[in-house]
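Next come two complexes built around chain A: one with chain B, the other with chain C.
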Partner chain A sequence: MTKAQTQFLLLIVGAAVLLLLPVMSGNYTLRLATIMMMYATLAMAWNFIGGFTGYPSFGIAAFFGLGAYAGAVVQARGVPVVLAWAFAIVIGSLFAYALGLILLRLRGHAFAIATLVIAEVLRELTNGMTDLTGGGMGLNLPFFGWGPDALGRFFFYAMFALAAITLATTYIVAHSRLGFGLNCIKQNEDAADIVGINTTRYKIIAFTLSGGFAAAAGGLYASWTGYIEPSDVYDILFSIKPILMVLLGGMGTIFGPALGAVVFLVLDEIVWRNFLQLHTGILGLLIVILILFLPAGVLSFDWRALLKKKVSAT
Partner chain B sequence: MTALLELKNVSRSFGGVKAVRDVSLTLQPGQIVGLIGPNGAGKSTLVNVITGVHPATAGEILHNGEPIQNLKPFQISARGIARTFQVVQPFPSMTVVENVMAGAMFAAGVMSMTEARAVAMEHLTFTGLAAQADRPANQLTLANRKRLELAKSLAMNPHILMLDEVNAGLNTAEINQALDLIRAIAARGISIVIIEHLLKVVTGLCSRIVVLHHGELIADDATADVINDPRVIEAYLGSRFAERQMVRHD
Partner chain C sequence: MIFFQYLVNGLILGGLYACIATGFSLVWGVLSIINILHGSFIVLGAYIGIFSYTMLGIHPFVSVITAGIVLGALGYVVQLGIINRVVAQSVLVTLILTFGLELMMNNAMLVAFTADYRKVILEKSLGVLEIGNVFIAMDRAVATVIAFVLIFLLWLLMRLTSIGRAIVAVRFDREAASLMGIDVKKTYAITFALGGAMAGAAGSLMSVSFPISPLSGPLFLSKAFVICILGGVGSVPGAALGGLIFGMLESFGAVFFGAEYALTLAFIVLIILLLVRPHGLLGVKGF
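So, the complex of A and B:
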């Protein structure tokens, strides 16, 4: 079996197990799985600009928060939930596009710092526009009128669909001219320019994809939790966790970001249950160790070599 | 006949430094032109100006009669103007064939990846790199990385190719191979501008030489005339040496 076939098979098995969860398990597990898929989406969103293009964006929280508020604001004014999500995606993508026109003139560290500021600016703006957003008091979303089981299942499937679409887009990009061009930009932007790649356009497309998918996750998150506030959805951790997840899973790969999200959240859950006081410290340590020993991500680990070694040893 | 490439009073300044001043020259189809001059004369800058990397601050550049001085580098390469870099610029972790594919896919506009791979393999065979096709580009020797630059530029399907010191750092045997390769490229009807310090290379390849000194064009003539031009000798070896040469010639 080739590597691609193995991965495809694992993907099918993984998706099947996930889809059976609502039938098999309780609401707690379901909630965990929904969060996992949300973070997988955010990690894949980051991967477009950070992994494929090599531009270290710290902007995921900005797009996540913007999507959450865009969706929530129109939903609070009576727009149906699915339309509100579509609106969140449009707003997130447009904002990323406009921002890309300005920010993607910068390279490397300058770009990273610039993206870091956006979430802060948006948070302050959201705080200030009390009439529209509820400001620091937060924003309540219309109640669905469903029981917790039905609600949990609905958002589980919605998040599953979003993660699946993001993964499919990642796959398509990686195998297209776009992905090839982005890889060229990552490796040597000057050479990419001279070889005939419209580098500005390519980078803006990658950034827009990143912003659009992060905003979609934000839109879903807002409807799911039913209440959002600026300090919650513009939290810097929404920018940093996806980067860690991609580093854990494998930068610029197709399955790495989603896998990294799973590894990260499983570690988080285990550590949190066992070391309530020290959990962030221990989690941080574990991540540093993992990245030190597997710099290209969990995906690069050669499981077959390990299995062979075991077999030959016995 | 409109020239393939025509520079009209082109200048480029970096702050107060005029790296290229008021240069005018034309390139006809099928020519191999040598671009020489002492270090810092503005040779590489002139190539950067033509390819849009550092746009001209004054003057006009015409390609087949159309102005191109305001185009971006990717638009200029799509018009069939390719260049290699003095310091080779590969995509380091991509394979050799993928490097060449990039040229075919973007500048030459080959839409399908399979087709681009086939085109790339042709150019790798032509440049003698076919056996290295699936190795990462950063594992190649310097001579092979220079060949890779050539293959990548050729995949861009250019009709003008500017070679910025493709022979720097190569040994004699490698230079001779590179010269054969450049002749073979010219035989395909591609006009070549070659920046070079080695006179052997210039005299062996070019029928015409353009000399830059302090950013200015000081000579543009047939090879034999240029290398005996006192101003050129002065630029390279100083005025006293030039005077001595003149006395000897008298």
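So, the complex of A and C:
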């Protein structure tokens, strides 16, 4: 079997296991799986701009929060759930497009700082627009009137669909002219420009994809939790965690981000369960360890060499 | 005239802001690191000021020295032991590393000091000076003067001492500096220590004017971003000027746009500056 066939087979098995989860397991596992797929979506969303294009974006929290509020605001005014999500995607993509036009002139540190502060700006604006968003009080969404089981399943399948679409888009992008162009930009943007790649257009497409998918995840998250507040959905951790996941799984790869999300969240969950008071501190420690010891990703880590060393040492 | 009151407020705020930003700017300029930890350093400096006053009765303006030394030492150890390992890597890696360290430090401070807001309430306040219709809170004014003295001392250190010249040399050409016999890793650690010392000193000065909680760090940090870009990354006089401008911006911005949009206004200025004057108002300089 070729590598591609093995990957495809693993993907089918993984998807089958996931789809059977609602039948086989309880609400806790289902909730965990839904969170994992949400973060996998965010990681893949970041991968378009950060992994493929090599632009250090810290803006995922901004798009996630914007999507959450865009969806929640219209849903609270009676728009059906699915239409509210579509609205969140449209708003998120448009905002990312407009922002991309401005910010993608910057590179490196300047781009990082500029994207980092966008979430803070949106948080302050959301806090200020009390009439529309409820301000710091947060926003309650209409209750579905379903039991916890049905609700859990509905959002599990919705998040599964979103993650699957994001993965498919990642695959298509990676195997298209766009993906090739983005890779050229990552390696040497000036050279890519000279050989005739429309770098501005490509970068904006990547950034828009990133914003659109993150906003979609935000929209789903808002209806799922039923209550959002600015400091929750614009949390900088929503920008940091997806990057860590991609670093863990492998930058600019197709399956890396999703895999990194699973690995990271398993670690995160273990930390949560055991160190409630020290959770953020231990999370910080986890981040430091991952950055120091696995800078090129779990997939790139040479496990065989490690095993060999152990064997030869004994 | 009310205009002069805002002007004075802006100036007084500006001095403290300048002090916050110099260390951050120095580290960014020399090490190419956006140091998220800087905000937590300021907060710890403020706690040193607060506890020295409540427990030992030492005035926060004196604690500036201890806070500077403690945070400088902490900065030195953190850089030498941890950050130096990834210092040459991309902004993604270094920024996330300092973010992880910030989470750890904030959590430690939260456990140690609780989430309550604290502030030094001086028994013998210097009071308020009234000139015409302008009121000046003297404690804050003195803090601002000390802030500028510290910035001036840092500038002298960069100009006149061999450590300072080594830092400048490493900033402009790491390889060449290393060939001239400069220990780059140690120079990085000293730079980070200086950044930490400025943050600690600034924190102790702030403790007289602003209520502090373990989670105040990001607020100070975001101000440092803007000031640093305003004045030019890595420039000490730039950070001083940037701090003053930022103080004015906040003071007058609150009048015209409302205090709740202060950060938005500052960040819009930041993004415009990044686009039109990426090297800041004073440009790249050898300090």
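Basically, the second predicted complex is superposed on the first by the 275 of 314 C-alpha atoms of A that agree within 3 Å, B and C clash if a C-alpha of one lies under 4 Å from a C-alpha of the other, contacts with A are read in each partner's own complex, and residues count from 1 in each chain.
By our rule, a contact is a pair of C-beta atoms (placed from the backbone, for glycine too) under 8 Å apart; a residue touches a chain by one contact, two chains touch by 3 or more.
Everything numeric in this text was worked out from a predicted model, so none of it was measured.
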Counting only touches as set out at the top, which of chain B and chain C does A:196 meet: first, second, both, neither? first
Partner chain(s) touched by A:86 [first = chain B, second = chain C, both, neither] | neither
Exercise for review: Using the superposition on chain A described above, determine whether A:294 touches chain B (first), chain C (second), both, or neither.
Suggested key: neither
Figure out whether A:151 sits in contact with chain B (first) or chain C (second), or with both, or with neither.
neither
Touching partner for A:165 - first (chain B), second (chain C), both, neither
neither
(message) Output check: A:187 vs chain B and chain C. Expected answer is one of first, second, both, neither. What do you get?
(response) first
### Query
Is A:177 in contact with chain B, with chain C, with both, or with neither (first, second, both, neither)?
first
Max touched-residue count on chain A (chain B vs chain C) belongs to chain C
Chain C contacts chain A in the complex at 28, 32, 34, 82, 85-86, 89-93, 95-97, 99-108, 111, 218, 222, 225, 229, 233, 260-261, 263-264, 267-268, 270-271, 274-275, 278
Chain B residues touching chain A in their complex are 51, 53, 72-74, 77-78, 82-83, 85, 89-94, 98, 101-103, 105-108, 111, 113, 152, 156
As the complex stands, chain A meets chain B at residues 177, 180-181, 183-184, 187-188, 190-199
In the complex, the residues of chain A that touch chain C are 50, 56, 58, 102-103, 105-106, 108-110, 112-114, 116-118, 120-121, 124-125, 127-128, 236, 240, 243-244, 247, 277-288, 291-292, 295
